[in-house]
Every structure is written in structure tokens, then in C-alpha cells.
């Protein structure tokens, strides 16, 4: 029988949505205000869910302190107080939409967590807009 | 690989739960305070989830401005500041419970969104009570 | 030295904003959607603050169970699942705006709480709109 | 077609995480601050989800007042203002982690709810850490 | 007798904290991560409070639709999806700290609201850090 | 002109409300479930407000990193994951009610912050009950 444990975290970043191969008109039509060339920003809120079996010895699915450390090292240190377009290599070629940020976070956590665990990433770009990605 | 994007919205409405073919005693037994013949009301909070593939060109699953517009036209304009029993045709014959309101919203959004998208509707009647419907 | 203790509560109600001595055009100009003659409704969230001296014997400003009971009897039982215009005598002559509801609640609590206590009433009509009244 | 209805509740309790068959060093290594022998505590927030078919006669999946009563009798009365290690028999032999508390709540509700309903239990130990269990 | 009415709003922006007349070392010492030359960003949440007398004719302190429009035109249109340092003239000479942004918003609202009203501005830079300014 | 800056924090603790010089009957009458001799617990949420003048050089009232550090060292390290009655000297003689905890926190912060700053302490014992103390 499986259970899922969630941990919340957050980071703040600037970004801009646009494609350099499109002209201004098309970028404005598709991305609107998010295409401000001077950037805007968000407080991103993150929830990471880990699914697996409870360890009968400890009663833990995962030591949440360990999960907290991984989230800090892989996500917060990498994205907090950054300009996503300029400071994060992955977003030099793809757009830092909340969908793509969620997928990036999932991939980074997947590399650090045991294969037995399923992972879900919930990323709030604002309190009203969010994305959920679980790698499936 | 699929992802889900959520958008939150809200509307305020009055309603009453009862069946006209039941007598007062039975309506009170089943619906309690919700059977006040003068109506009561709620701030309904809505979360719509759309599941599908990310467009590699934009990095969007769906343009959230488009989703926001559909939610406004299909849900907010139809239900906000209304008496659900008296002003909304569907609830002249069925009870405006949170379950039935969630199903109505899902059906209205299903008609306006592309078939490739799966839809989920989360409807909070109060901050403590809510329903989730995904058409399955 | 004084301290303030707060307790939260909530109730759901229907209402309509209008003046019977105004014609439809003027009521719509001033009250807009809130003038729907079939009513609409809200989940009202209430925070009551009591200011005074801490009792050195118990460490309490006020027994919060006692405050909870007064709030239930004076506010929830009086307003919950009601039509404010039709079911609450005070709102047959004045408009049930959030300002007037907050003042009504303050007056009802003032009658039941000891004179030494200062009272503040915070009333959320929606999560985005609220009023604060402290009788001064 | 199925729908899920959620109800929120809460309780406050003290607990300690440790294994009596481990020495202090190992308990501190694994459980850290949660191993304080004098206990610490939490405001646990609970969300119970019930999945099934809507009753066409009432428009209810379940009468939420009935669910509220079951949650009070099975969970709140059993766990609220308790020391989980000392006052709750099940946690004399297993650790009261949020995972094990969620499983205990699920088992207690499973006994009281009709077999047709699927049940999910979401238990927040803090606003940042929570577990979800659905018996599968 | 006076009452206060609050309205919430929000905007998203990028910013950087630094003084051009200081060297990098001093800027980093004082502003830390907030001195990223590529900017970072926030979802700012705003609460505007208006204090005055209730109009006995309407039961309103202020028509909240009017307040909503002023907040949109003076604050959201001016700051939303902007780079505060580059796009907002006032922040070319002073630092866009949450304190200074709150004061700017208060000054802009003061110009548009009647003199009888007292104004308070609550500005959340993150869900954990906020400033309150009331012009006194 | 003054401004107030707020910072949120949190800690988890166990406690019991009772007076050793009262018999069980009287302790139960006054403190009810909070008198469980095995203790219960809470996630306490803390908001510290600092009022003063903005430094024109930095645009800061106070460096929030400095405030965060003081709150960690004075409050979190002192109260987190503790049994307030057994582990905190001040509560061996007075009851750890939310009123008394707020006053203790205020006194500890007052010693560490500059005299020019006014301090307010908001302490949530639960999401529904809280106290505010500002030393006046």
C-alpha cells in the first residue's frame, strides 16, 4: 500500500516569455504583457509529492528533512532570486513558462531521488495559476 | 508526456436545496438549514484543471488568458450574483448542490474546450466543503 | 498593559442591495449586480477581537470557549443560512452592506461582553473585500 | 460517473517520534528534534475525500452533515487535545508519524462509511508538510 | 463613528535592490541576493484600506467598484508586469523596496481619493514579508 | 513618517494549561481539554511587526534578513519542538496561554531590537485563535 508525502517550498524569480525568432508583433500577440523585454517576476510556490511505501521501522515514507535539503539544493539554490532567461541555462533555449519550469524541476528531482519513488511537482506561478507534472 | 494547468476563479450566488414534490418535514429532515425558503448563499471558488500536451513552440499547454476568458463567459457571467434556483434554467429541475453545480460547469466547459484536453472542475461551496468532477 | 485576542467564525447568507424608494434605474446605477431582485449570497468570514488586561490567575484575556459561544449565539444563530433582507429584522429598513452587517454584529456583541473589553469586528464579504468596525 | 466530495476538519495533539528499542544517539540521528522526550505538538488539518455516484434524488454524493459527524466521532473525539503516544492505543506500538496517523484515520473511516465509497485522507502536520493516503 | 473598508488586489513585477553609487561589494553586503543585476521578481499582493463615515443612504463607506477601478488604474496598470527599476520613473532614483513601493502606492491613491478618507496600504512582497503604510 | 514591516515565522510545541495549586475539578472547569496532563500541541504561527522610519539610504526600515535571524535565535530556537511547560523556564511558573507566549516573545525581541523601533507580536495558536501584543 502506497502513500504520498508533500513538502512545500518557494522561490522568487524574474522572467520574460518570447521567442527570439518571432517579431515583436507576434510575440505580443501570443505572450501579451509577459513579453515585457525588461522582464517581470513572480513568487513561485512549489509542492513536491513523493509516492511510495512507508518504512515500517521509522513510520516515514521519506525523511522530510532529506527531501527539504534536496529541494533546497536542486531547486531553491538554482532558481531563487534569479532571472530565469539570463541566469538559468535551460531557459536560454526554451521559454520559462510555468509548464516548462515544472518539468525542469521534476527532471532535477528525478535524478536525486530513489527510483522507487514516484514524483509529482506542483508549481504555482501566482496564487491563481499553477501547473502539475508527474512525468507520465 | 502530459501536464495539467489550473486556473482559479470565483462567483457569488444564492440558492436553496429542496424538492418541490416533498413536504416541508421531509425537506427539513434531508436538507436542514439549506432548505430556508428565502434562500441563503455562498462565495463559490472554482479551480479548472486542463490536462494535455505542452505546445513545444510556446511552452504553453493552453494560453491561460484564453482559459480565463472561457471561464468568465461560461461560468462567471452565467452564475455570478445569481439566484441559482430562480435565475439558472438547469436548476429549476435539479437541486443546486455543489455536486450538481460542478457537473454543470464541467459540461459547459467541455463544449468550449478542444477534445484533446481532459478537464477537471473543483468547486468550493465553502472553504471547508468542496467537490471535484472530471467527467469520468 | 493590554492585549487583543481574536477568534474567527463564519456564516453563509443571501442578500440584495437596493432602496425600495428608488426606481430600478437608480438602484442598478448604484448597486449594480448586487441589486438582483432574486438575491445572491456570500460566505461571510468573521474575526472578533477583544482588547483588555490578561487575568494573572489564568493567563487568559477571555476564555475563548466563552467567546466562541457568544459568537455562535449572537451571530451565527442569527445570520447563518438566512436571507438577510427577509429574515433579519434590522435589514428590513437598512441595506445589508458589509459595513452595516459589521456594525450590527458589533452592537450585538457589545451587549453581551463586559464593558471593560474593547471590541473590533472584521467581516469578510468575499476573500477580497472586508470591513473593520470598532465602535469608535 | 463519479464525483468526489471533500470535507475539512482539524485537531491539535502532542507527539514524539522515537523507537524505544533504539538508543538516544540513533533516535536523535533519525528523528532529530521530533525526538524531544517531553513531546512537541501540531495543529493537524484533515481533508477527507469521498468518491462515488451522486444520488439523483437529492443531488448529494453524501450528506455532508453525516460526514461531518463521522469525522467528529471517529477522528476529532479520538485525537483532539491528546498526546498521541500516551493517549492513543495504536501509537503505543507504532510511531505517530503523519503517514501512520493518516493510515489510522483512513482505517477508522473505512469502518464507518459504506463500501461503495472510495476514501482519501489528506493530513497536514504543518502548513508545509502533508500526507495523502487512499488505501491503495 | 468611522469604519474601514479593505479591497485586495495584486500585480507581478521584477526588481533589483542596489545603489549605483556603491561598489559591488557594498551592494552585496547590504542587499545580498536582491542585488542580482539581472533582476528577480515577486507577486505583490496589495490591500488598500479606506477609513471614513458610512453613507446612511447607501450603507456604503465607498462604492467598492469605484475603489477597484482606482486601484486598477493607479496601481495595477502602472506596476503590473513591469520592471520596477527600468519601467517606473520613481524607482530610477530610489530603491524599489517594499517600503518604498507601499509609499508610492499610498501617494498615488491619496491624489485620487477624497480628502475625508484616511488610507492605509498593505503590500506583501512575499507571503512572509509585508509592509503597512498609512501616511502618518 | 513611519511605516511598519512584518515578517512571518512559525514553531511547533506541546503545552498544558493548568494551575498546580488548583484541584483537578477546578482545572477541568477552567481549562477543559487544554488541561490534558499528557499535554497536547500546536503549530504556532508568528508575525512580528516593526514600526519606525525608513532609512533613505537603503529604502529599508530594517534589513529583513536581520529580523529573520533575530526571530530565529530568540523565538524559534527557544520554543520550536519544545514542551513549553517542561522545557521553557518562564512557563514553569506562569501558564503557556497564547497571551503569555505572545508577551514572552515581545519581551525577548524588545531586548534585541533598537529602542527606536516599536514592536508588535501576533501569535496564532490555531488558524482560528490568535493574540496581538504591542507592549502598551
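All chains are identified by letter, namely A, B, C, D, E and F, in their written order; residue positions are counted from 1 within each chain.
By our rule, a residue touches a chain if its C-beta (ideal position, glycine included) is under 8 Å from a C-beta of that chain, and two chains touch if they have at least 3 such contacts.
All of these numbers come straight from a predicted model, not from anything done at the bench.
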item: Subunit F and subunit D - chains in contact with each; value: none
item: Graph distance between subunit A and subunit E, where chains that touch are linked; value: 1
item: Least hop count linking subunit B to subunit E through chains in contact; value: 2
item: Type of subunit A:subunit D copy interface by residue overlap (half), same or different; value: different
item: Remotest chain, subunit E as reference, centres from CA atoms; value: D
item: Approximate Å spacing (C-alpha centroids) for the pair subunit E, subunit F; value: 29
item: Sites on subunit B at which at least two other chains make contact; value: 127
item: Chain-chain contacts as defined at top; value: A-B, A-D, A-E, B-C, B-D, C-E, C-F, D-F, E-F
item: Subunit B partner contacts - residues on subunit A that touch it in the complex; value: 17, 19, 30-32, 94-100, 102-103, 127-133, 135-136
item: Residue ranges of subunit D touching subunit B (in the complex, touch as defined); value: 1-9, 49, 54, 57-61, 63-65
item: Contact set on subunit A toward subunit E in their complex; value: 10, 12-15, 33-34, 36, 38-43, 45, 80-83, 86-87, 126-127
